[in-house]
Amino acid sequence: MELPRDVLRAVEQALVEDRADHDATSLALVPAARRARGRIVARADGVLSGCDYAAAAFVACDAAVELEWLAEEGARVRDGQEILRCHGTARGLLAAERTALNFLQQLSGVASATAEMVAAVGREVTVLDTRKTVPGLRHGQKRAVVSGGGVNHRRDLEDQLLLKENHFALSGMDYAEAVRHAKAASGGRIVGVEADTEEQAVQALEMGADYVLLDNFALAELPAVAGRLRARFPRAVLEVSGGIRLASAAGLRGCGVDRVSVGWLTHSAPALDLAFYLEPAA
Amino acid sequence: MELPRDVLRAVEQALVEDRADHDATSLALVPAARRARGRIVARADGVLSGCDYAAAAFVACDAAVELEWLAEEGARVRDGQEILRCHGTARGLLAAERTALNFLQQLSGVASATAEMVAAVGREVTVLDTRKTVPGLRHGQKRAVVSGGGVNHRRDLEDQLLLKENHFALSGMDYAEAVRHAKAASGGRIVGVEADTEEQAVQALEMGADYVLLDNFALAELPAVAGRLRARFPRAVLEVSGGIRLASAAGLRGCGVDRVSVGWLTHSAPALDLAFYLEPAA
Amino acid sequence: MELPRDVLRAVEQALVEDRADHDATSLALVPAARRARGRIVARADGVLSGCDYAAAAFVACDAAVELEWLAEEGARVRDGQEILRCHGTARGLLAAERTALNFLQQLSGVASATAEMVAAVGREVTVLDTRKTVPGLRHGQKRAVVSGGGVNHRRDLEDQLLLKENHFALSGMDYAEAVRHAKAASGGRIVGVEADTEEQAVQALEMGADYVLLDNFALAELPAVAGRLRARFPRAVLEVSGGIRLASAAGLRGCGVDRVSVGWLTHSAPALDLAFYLEPAA
Amino acid sequence: MELPRDVLRAVEQALVEDRADHDATSLALVPAARRARGRIVARADGVLSGCDYAAAAFVACDAAVELEWLAEEGARVRDGQEILRCHGTARGLLAAERTALNFLQQLSGVASATAEMVAAVGREVTVLDTRKTVPGLRHGQKRAVVSGGGVNHRRDLEDQLLLKENHFALSGMDYAEAVRHAKAASGGRIVGVEADTEEQAVQALEMGADYVLLDNFALAELPAVAGRLRARFPRAVLEVSGGIRLASAAGLRGCGVDRVSVGWLTHSAPALDLAFYLEPAA
Amino acid sequence: MELPRDVLRAVEQALVEDRADHDATSLALVPAARRARGRIVARADGVLSGCDYAAAAFVACDAAVELEWLAEEGARVRDGQEILRCHGTARGLLAAERTALNFLQQLSGVASATAEMVAAVGREVTVLDTRKTVPGLRHGQKRAVVSGGGVNHRRDLEDQLLLKENHFALSGMDYAEAVRHAKAASGGRIVGVEADTEEQAVQALEMGADYVLLDNFALAELPAVAGRLRARFPRAVLEVSGGIRLASAAGLRGCGVDRVSVGWLTHSAPALDLAFYLEPAA
Amino acid sequence: MELPRDVLRAVEQALVEDRADHDATSLALVPAARRARGRIVARADGVLSGCDYAAAAFVACDAAVELEWLAEEGARVRDGQEILRCHGTARGLLAAERTALNFLQQLSGVASATAEMVAAVGREVTVLDTRKTVPGLRHGQKRAVVSGGGVNHRRDLEDQLLLKENHFALSGMDYAEAVRHAKAASGGRIVGVEADTEEQAVQALEMGADYVLLDNFALAELPAVAGRLRARFPRAVLEVSGGIRLASAAGLRGCGVDRVSVGWLTHSAPALDLAFYLEPAA
């Protein structure tokens, strides 16, 4: 497994943050020559993500470590299931342990939450992430969303346009004019437009919006609104957003929307519980 | 407010990750000369943390931005309460918005969770964090724990020793010998020791452990165990850990332990909900 | 003018490369307190680009420098036309001079070449850049292309898919299958496809390619091929590439293609000639 | 071949700029286990430079890649000549391709232009570069000049002094005094001096200038001027500069000057045309 | 030997500072394929420190270098004793030589000075370092102190509190109040307190200071003062500081203090003299 | 005073190393709004160097700090003399104190040692530094040598050639051939040559060495050797090196050599003693 350089850099930074090369406990107690075997085991059901981050942590602390992955990026894991077996220097495994787990648990938490959301909304609705990511982990979190069955929304402020209320307020143009202007100035980028009313959604689509973000429409209204929009714009892409949690997600089934963007997948998903066991080895 | 350089660096990195200098939407729609006023408003009750990160994001996108904080680091905020008023270039505020909120929501989530835990365990028990932090955010998260009323455990692998099961297994020494050895080799650092049984706790304290981490003792046993340990070691510091969530936290009251370390404060606390409103300004 | 952080970083790196803080000539001859006025003047006709890089160089060497731009990003300039007046410390202006000019000449060279190409192909054909950029200057060069009247192709390997001969060869799939597969696995990204024959172009468009890159078609063939493709796929986007220089560019007029991507805009455009004049000032 | 760390760093930066670890096209189409053979072939005559940059790009994307160079740094290559054969993971070769070629084409362009200039001016005149380099590539470009048969002028503002018109204007000293002063304050560094007239050249050499840069002298005058200067200062080093292109370079033969410094070698040389072919391999 | 990443980073920086990849002398004289054997030999008695830095320098210049250490971190070495044998490319060994020696001599100088100080004060008094370290080398110097038989004081401004005269002056509190306040606000960190008089020492210990730093007490007074303090506070830790050089160090024996902190160990210890010999090898 | 970016970077790194933004003592005791005045005072005679490093430390911790320098780079200072007055936030001054002093004391130590050596060898002999510098501080130390009245030798491995015994041994050429070869391959750089015998010195000068480094010649021999060399090579530059300390330096007077290079100026000079006093201010 070749490790991407943003993964390597994030892991380097985390190891420095943890002063992993200067583990006072290991230096005091564990002989330099001692070798060990370790195992990462799931303590809950979920979807695995971040294996490359964990691998990078172990390799960074012991360049000759042997890693045997028993589950891979995106795999569903069960409570008690073994995920990784590793063999290397005892000090290296101890130094890497916390950093490896911190990445793996965080990212698997995102993947697991995404998988639950995907199951809740059903096949017809695509689950998207947002830019509400943990600073420094955007790439890892967005990959975790894919591993959990979701799809990535725009990567950053540069690669797509998304017109929201604040942009309309600050543009000094009326709604339709702003959409047309954005489309013309987009340089070929995708242009999404937030709509607060059906009328705005119509204007946005007329002006060539690549997708419409229906914001804060009541779930009960959505089927009728979506139906009318599709009748007029058969190729329209309809997205909903805002406050949809797991409990309410099933309500999106049959609403006629194409996709839902969900902030909490990346800003509030709880970590997946994982344990790390070590024992002396030859 | 002078901003610490680790805050500045983390914010720089997050702005680069978001390509905040190249916001395609603003560049298409918002004139460069336009100015705006913004407000951050709480949409839930909680404890505020990360103001310096948010400030750094705004300053980085508009060096002349004016920031008026209506609540400060560690303040309790209520749903609907205004937290920050800002005034600057419209493009600068839009570029900084997401990065500022991502930090502020993440860290306020940690502070809010800590405050709930502190309230649950009551006055006699100190709530501590762990090294189970989001990679890259350890310093901010540990400060958030303090803002929420908690206390910081060790900062990294270098500044204290903490002997856990894995260390004993790999040290090649018996329990008491390992503790004595660690104490002697600690170079004056604090030495904590995990104990799975009362007998181990006694050995650890006899060998000079600065605190004992009682791991996985049943809540029901704790008062008796703690009582006997204190009878013998009046100055002993007793910590518990492992699987204590908000719901079970009240069970620690009156158990006779000094402190509890809680991983989920930093790895699984949900973000605090905050909104950002913008309007044109002179 | 707020300076983007990638501009600042590139300029920092260039100043370090030039050891601009340790200009042995200035330190030997120019008193620290001396002030000067400088002027940048065009010595050829062209299109200006890179003003922010030049500004960053001057500001980095004299934080209080005064800059008065007489032409802005994207402006056409004439031989002899004054572009910038600056006033600051003599040492600061001397230290920044070469770095400022190196960026400004390189990027204005790209913008000027693009403008010539745009004029040559006429209104109906869009001029696009490629990823054949000078390492480290991609963002600046792509902006220069826009300043010269061109449009940016994909920014990097991640934000769009572009299937070329090498990908087909290595995919282990036949042409149509590969396009369909790529479209399905694109996660919503734009998918461009290179076609060596009209038949491939048809397959690509049938499989949903967002645009087709007609590679090495004879100019004489293009009108008929483009006509037949448009008859069948009215919304098809047709791009040509490969070996089109200024001299042959006019041949693209009336060919029925939408756009042309041109590598030499960024890898081989000559620098625009600019001079810098300095004189003592109060 | 050990790769210098500035080469590695420049290549790292270029790969990050291209998001080479996240090649959406390869990830969608090319299996991770597929291996490939690649060949770089010249499509024009020229001089090769930048092999270490290209090697670094391939190694960075596939640590186990096998590289067989059929031509080395500084070699003359012919249209159609094979330059490199490589064997590695298909994804790695695809990820590195553009970055490797961007460096190799840019730097070979500089070497090729230098070789043409060297041939034009003949044996007696040394061809020197300038500080008019592409920001971030100075070291690579200066090596390319050497590979093309040229010699490097000063590396940066610190390692030598070069007194030009702007320095005289800002020094507040007269010409001869400034040269003497610079020589005294040079700390043993080489001191070059620009001269606009023969009289200045005489003064500069009298004051100990290590070389004189004859600026904008008519080619027709040079033999006589150089003759008189040499008669008086037999060890004088005479350099010319300013506006000498390939077409006029032959005019320097027999002029009696030692060397010519040429800005366009590094700021305006066109890239050398190279192609990269890939095929599946075992 | 796994090399800590701060060691690697410091060595990288030093090699860049020395332009070690571009050794003009080696490139001119030593064929790329030549191999060599080198030896580092002590030219004075002392204690060795910094082996990992030296190793990192050699490995960075020749990844396949073979290193055979004949003495290890913390070993006493004698004038003439061989310390390291290495075998690798001639160019690599020459490039690394100066950087390896600069680290090894500097850090061995610190270790050697510490060992002399430890011998001078005798067993009962612990020799501590300070934060008066060479910028950028703190970690290496503090390890050298340990290698020389000393113990590390606080690592930085964050991990412990140390109240000195300036803090009292700026706190706006009286002495005892400030100590109590610091202890309460320390978040569990160690709190040291400087005392200029015995009365202050008493107050500091009453308020819970973890150690007292007796500043500028006459050596002759110390036994009596220390005796009275211990009578009252049997567990008190007493430290002295300020102006104690090797010559006066023996005066600390029998004074009743626990430890002495010594700035010159890290800011003024002379380098240990070492030589590097090279010869051609197969 | 504009601060060079290598100074700023070195200071940044040192402040991070000291965790200066997180000074636990100040945070516990000193109110954020408190302001203070500080003074740096010499506690020994010497020559000042590193003022820009100290300034950078104070500015980095309090951007609005006021600094009044009472002595400047290169000034002789006396025990008790005030060097700097500063006024700023109490926390900022406390955070910067140690870093500012660490640089200023180290570099002033180098300048002071150089000044002593310069006085010892007298006017006719130039005192040069070497590459035996503290890693990371080369530029600052070399400037300190100049401030103390010395002159800088080569800056790094790239900017000059210096042929020593190891190079001869590894070149595979005889002595004279190696010198001629190096001179030819130097690309115009200065070429110094070490000579162990008078015969080698003659060969080196015959082959065009820019200076000869007479290594380990007995002081008593030097006048005769130097006399003979000068008789034959009137423009020869003669340097001595190796083991010359302050005590023996006067022996170089009248020996006929031009310069002496001295390693201990940068690797073993003791820090200059400086004190920092703080008091509350309005």
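Lettered A, B, C, D, E and F in written order, each chain numbered from 1.
Going forward, a residue touches a chain if its C-beta (ideal position, glycine included) is under 8 Å from a C-beta of that chain, and two chains touch if they have at least 3 such contacts.
Just so we're clear, the structure is a prediction, and the values are computed from it rather than from any experiment.
Colleague: Which chains sit in contact with both members of the pair chain D and chain E?
Modeller: A, F
Colleague: Quick check on chain A against chain D: do more than half of the interface residue numbers occur in both copies, making it same, or fewer, making it different?
Modeller: Counting which numbers both chains contribute, under half are shared, so the two copies meet through different residues.
Colleague: Sort the other chains by how far their Cα centres are from that of chain B and give me the top one.
Modeller: Max centre-to-centre separation from chain B belongs to D.
Colleague: From the C-alpha centre of chain B to that of chain E, how far is it in Å?
Modeller: That pair's centroid distance is 33 Å.
Colleague: Once you find the CA centre of chain A and the CA centre of chain B, what distance in Å lies between them?
Modeller: 22
Colleague: Would you please write down the residue numbers of chain E that are in contact with two or more other chains?
Modeller: 22, 139, 158-159, 187
Colleague: Among the chains present, which pairs are found to touch?
Modeller: Applying the touch rule to all chain pairs gives A-B, A-C, A-D, A-E, B-C, B-E, B-F, C-D, C-F, D-E, D-F, E-F.
Colleague: Quick check: in the complex, which residue numbers of chain D touch chain C?
Modeller: 10-11, 13-14, 17-20, 22-31, 34, 36, 90, 94-95, 97-99, 101-103, 105-106, 109, 131-139, 156-163, 166-167, 169-173, 178, 181-182, 185-187, 189, 264, 267-268, 270-271, 276-280
Colleague: Touching residues of chain B toward chain F in the complex: what are they?
Modeller: Against chain F, the touching part of chain B is residues 2, 4-7, 139.
Colleague: Please output the residues of chain F touching chain D within their complex, sorted ascending.
Modeller: For chain F paired with chain D, touching residues are 146, 151-152, 155, 158-159, 187-188, 190.
Colleague: Which residues of chain C touch chain F in their complex?
Modeller: Against chain F, chain C makes touches at 12, 15-16, 21-22, 60-63, 89, 91-92.
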